[in-house]
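All chains are identified by letter, namely A, B, C, D and E, in their written order; residue positions are counted from 1 within each chain.
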Amino acid sequence: MPDVAPFSAGLTARNLAVARGGRIIVDGVDLDLAPGEAIVLRGPNGAGKTTLLRALAGLLAPAAGAIQATGERVFCGVRSATKPALTVDENLRFWARLYQSGEIESARNRLGLDDYAKRPAGHLSTGFLRRLGLARLLLSSRPLWFVDEPTSGLDKDASAIFEGIIADHRKTGGAAIIATHETLNAPGARQLELRNAEAAA
Amino acid sequence: MNAFAAIIVRDVALAFRAGGGALQAASFFALTIVLFALAIGPDLTLMQRIAAPALWTGALLATQISLEQIYRPDREDGSLDVLVETSDTLAFVALAKAAGHWLSTGLVLIAATPVLALLLNISGAALVPLILSLLIGTPGLSLIGAFAGALTAALPRAGLLIAIIVSPLYAPILIFGAGAAAAGAAGDPQYSANLMLLGASSLFAAVISPLASAAALRFNLD
Amino acid sequence: MANNAVKRTSLYDFANPVRFEAIAGRVFPFALFGALTLGALGLYFGLFNSPADYQQGDTVRIMYVHVPAAWMALFCYSSMAASSAAGFIWKHPLADVAAKETAPIGAGFTFLALLTGSLWGKPMWGAWWAWDARLTSVLILFFLYLGYMALWRAIPDKTRAARLAAILAIVGFVNVPIIKFSVDWWNSLHQPASIIRADGPTIHSSMLTPLFLMISAYMLAYIAMLLAAMRNEMMARRLARLEDADAVRPASVVEPGAVRT
Amino acid sequence: MNAFAAIIVRDVALAFRAGGGALQAASFFALTIVLFALAIGPDLTLMQRIAAPALWTGALLATQISLEQIYRPDREDGSLDVLVETSDTLAFVALAKAAGHWLSTGLVLIAATPVLALLLNISGAALVPLILSLLIGTPGLSLIGAFAGALTAALPRAGLLIAIIVSPLYAPILIFGAGAAAAGAAGDPQYSANLMLLGASSLFAAVISPLASAAALRFNLD
Amino acid sequence: MPDVAPFSAGLTARNLAVARGGRIIVDGVDLDLAPGEAIVLRGPNGAGKTTLLRALAGLLAPAAGAIQATGERVFCGVRSATKPALTVDENLRFWARLYQSGEIESARNRLGLDDYAKRPAGHLSTGFLRRLGLARLLLSSRPLWFVDEPTSGLDKDASAIFEGIIADHRKTGGAAIIATHETLNAPGARQLELRNAEAAA
């Protein structure tokens, strides 16, 4: 795919509804994301943050409404998308090839994974596995990021690193939507609350 | 290296890692034959008679049990999201996955065949058509199997479904393949006809499977 | 497990890795030399200085390679199980390594028995392979070896691999007689054992001399190969440990603020 | 309900859920036979000759492919920790797991046998010894298989390993089982002897397997 | 097993060393846990918190040193130990049978899972799956708890619920060690820090 110049990157959703397991989870969402902007998505458990993120990232077909994205999108969820049998570097290399971009070393180094480069991902601790998953955002070099609970399992340093990564991403005109329950230091980020968690059937 | 090659390389690498699927298929294949021989009892003439069908059935079963591993792990660990994100045409991804599966399963089975042929003392003359039929038929098995895997990627344990979906689709390949091997061994003129039909089935699968798989995968991302 | 602690200390006295290195270093050359000379002698007697079989002709000479190999296949599995048990009970690394390194050697002998056997079978039975009781049981024994080695390979953590593989070796060993019996039951075409028999050997003595020369040669070869392999493994492990030692700084609990050094 | 029963009930429930292992084993069994019949082609006398061995081999393979599911999922989702925590003697847990596996695999295979016997036109007289041999033999398969599963519980994909580990240990049961079925069908006096040996093998497994499995599980917790 | 009276429950570790993947991860740990006490275990990613917890819980054999526990132990890790194919209630019932104790309803209700009682665990959101995992602590009715990153993925309400559960547990003389990166409100809990994380090979 042609790499869209990050600057023009943006996203709009109008009257969006998303279903999961045959049930409408989120409904009537209107949302605009401008280049360089960040949205922190909050809400109680089961509110539909993950569902909404996946829909905005184009991984779930909307049940109703429309999504318009200028620029390529990357979703980074709770599942790290790593192969335990492959080493950290092998996982990174595979992603770099898929996205046809990114330098492995700089991404690995940025997330403090250098010591683990040759270790199988299956031997990483919770937090380091999370870091490896987040490294994919850097490799993708795509403008629109959708990140689900990035800092859960991360220690203070790693959380700070991630906040720095988001800041840099926005400086270059990238945009991000981040779902989290934790305090996240993202200056000037819009806070968006998902309410009325569905009462289960 | 482009994405298409990257997927094949990774899947083959994973398959040959300790605990990977490649040797699993081969050994399952070999053990099927040995165990079957144990069950029959030492009767060389009988074994010779059923050697080709037994080997073809064994190869098919070995392929079948490996199908669940094509897409489900990628779906569970989130890799499938990444594959979808990074491909303009999902059909190419599906083709790459099927190719990777054949390289790490079908090819390995064929490599193991001569030794097993020895155990069932198949003559050299009979071995050539057997190998040839497997070479033409197994890609079809991988392609059709990959489609079944794509259909069931979202199910925690789809072995049953895959088996049921795949078997009727495998029937023609099995019949033509085993037929070709037997005819070839007997110097029967139907040999070439069987091979033609076998090749046609594989080609057909090569056209349909990637498109069908891509469609199925889109519905399995939730 | 309580009493193991006692045994363990005493065992370490007898077989600590360092002393093993020394002993192994001294024994190895003799074992190797003996294996080569006895092997040469055995082959000479076997190939040139023993009668051809009246019905099998010269192909009978394959026996001098084949039979000892077959016996070693069985012997190695027993010793593998024995050292596995020792390693499991007394947690002694040397025993683990001995078991681990015996496996490929035993598998090698097994393969040799299979190979020479089928080479023998072609002239004898007109087929490379026959589903004869002994052939089949040796084939199954070969699978037992493969399973054991595959388990070692699959588990990255050496200590855990040792324990689990030991369990498998022991269970397999307990099953060997059952398997052998079942296969014999399944088929009794192969000629009856004619060497190990209550009424003594029936093979001509001029066949026995080279046979026993070859068997002792195989045994010495096994010892030599085992010692060499064990020494390599121990060294490899020490290297790995050294590499870890400076790479790994284990963590420990401290009250906040204080930093443990 | 005590823990022993609870484990069996849960595992059986899971096996019969959508995507569970029970029907999977049965269908794999059935398809093995059908495909093999297809590969052989129409030859009733030959069919009859190899019916018992084919069914026994099929049952064994169907069991084998289900073994990975006995312990690995529990290890991956943390359930194994809970089982270890709550058991004074892990061997009982291992026995319960094996029992659960037999109820959801061996028994199902036996239930499917009569239909397949019909397909291979086995006479009613031959069916009884076949079923009987399976009833006596399959518990042994589950027990030995559970041990192999325990050994490899910590490995991401152990199918290959399990197949290699288990096959030699399965040989006696297969030999006696298929032997009993064949002898019974032929009215051969060795019938009862085969059954005795088969029963002995299963009993032996019932003694060894739980202890060995418990020992293995302890080392697969980290 | 005889249910040890909670009051007497305690744990001591002396000069404890734990290995993982054949490598010593944690070393020289001395630790005392008295009835009614709680320890919050902190430390950077990869320090060995999870490893230490599993060892103290009796799930990992120590490489050296000794652990003495009076009273039964229960470990609740990041993996929820739930079966996605079983409903919430079925998962709870299975645990109740294994531990031979606990009322399903009260545990379910305490963690706000009532709406999901009949739903398969596989359909739960991240946070609700975590809640289900934590419910096992209540069912076990054991005195010694070892909990790994309990609040990651939980919303504020759920975190508060968990803090309440810990408080009640301590009131009845139970004790707990909790590894976490997040702020945890546990009055009078001792803070322990794991330091000198290994630099990988």
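Here, a contact is a pair of C-beta atoms (placed from the backbone, for glycine too) under 8 Å apart; a residue touches a chain by one contact, two chains touch by 3 or more.
Remember, predicted model here, so these are calculated numbers, not experimental data.
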item: Most distant chain from chain A, judged by the mean position of its C-alpha atoms; value: C
item: Identity of the chain that, by mean CA position, is farthest from chain B; value: E
item: Chains most often in contact, by C-beta pairs; value: B-D
item: Averaged-CA centre spacing for the pair chain D and chain B, given as whole angstrom; value: 25
item: Chain centre separation in whole Å, for chain C relative to chain A (CA means); value: 54
item: Rounded Å distance, chain B centre to chain C centre (Cα mean); value: 36
item: Chain centre separation in whole Å, for chain D relative to chain C (CA means); value: 31
item: Set of chain D residues in contact with two or more other chains; value: 18-20, 155-156, 158, 160-161, 164, 167, 171, 175, 179, 222
item: Multi-chain contact sites of chain A, meaning residues that touch two or more partners; value: 21, 85
item: Sites on chain C at which at least two other chains make contact; value: 143, 154, 156-157, 160, 186
item: Sites on chain E touched by chain C in the complex; value: 17, 19-31, 41-43, 47-48, 52, 191-201
item: Complex contact set, residues of chain B against chain C; value: 18-19, 31, 34, 37-38, 41-44, 47, 118-119, 121
item: Residue ranges of chain E in contact with chain D within the complex; value: 1, 20-21, 54, 57-61, 73-75, 77, 79-83, 85-86, 90, 94-95, 97-100, 136
item: Interface residues, chain E side, partner chain B - complex; value: 84-85, 122
item: List of chain C residues in touch with chain B within their complex; value: 118, 127-132, 136, 139, 143, 153-154, 186-187, 189
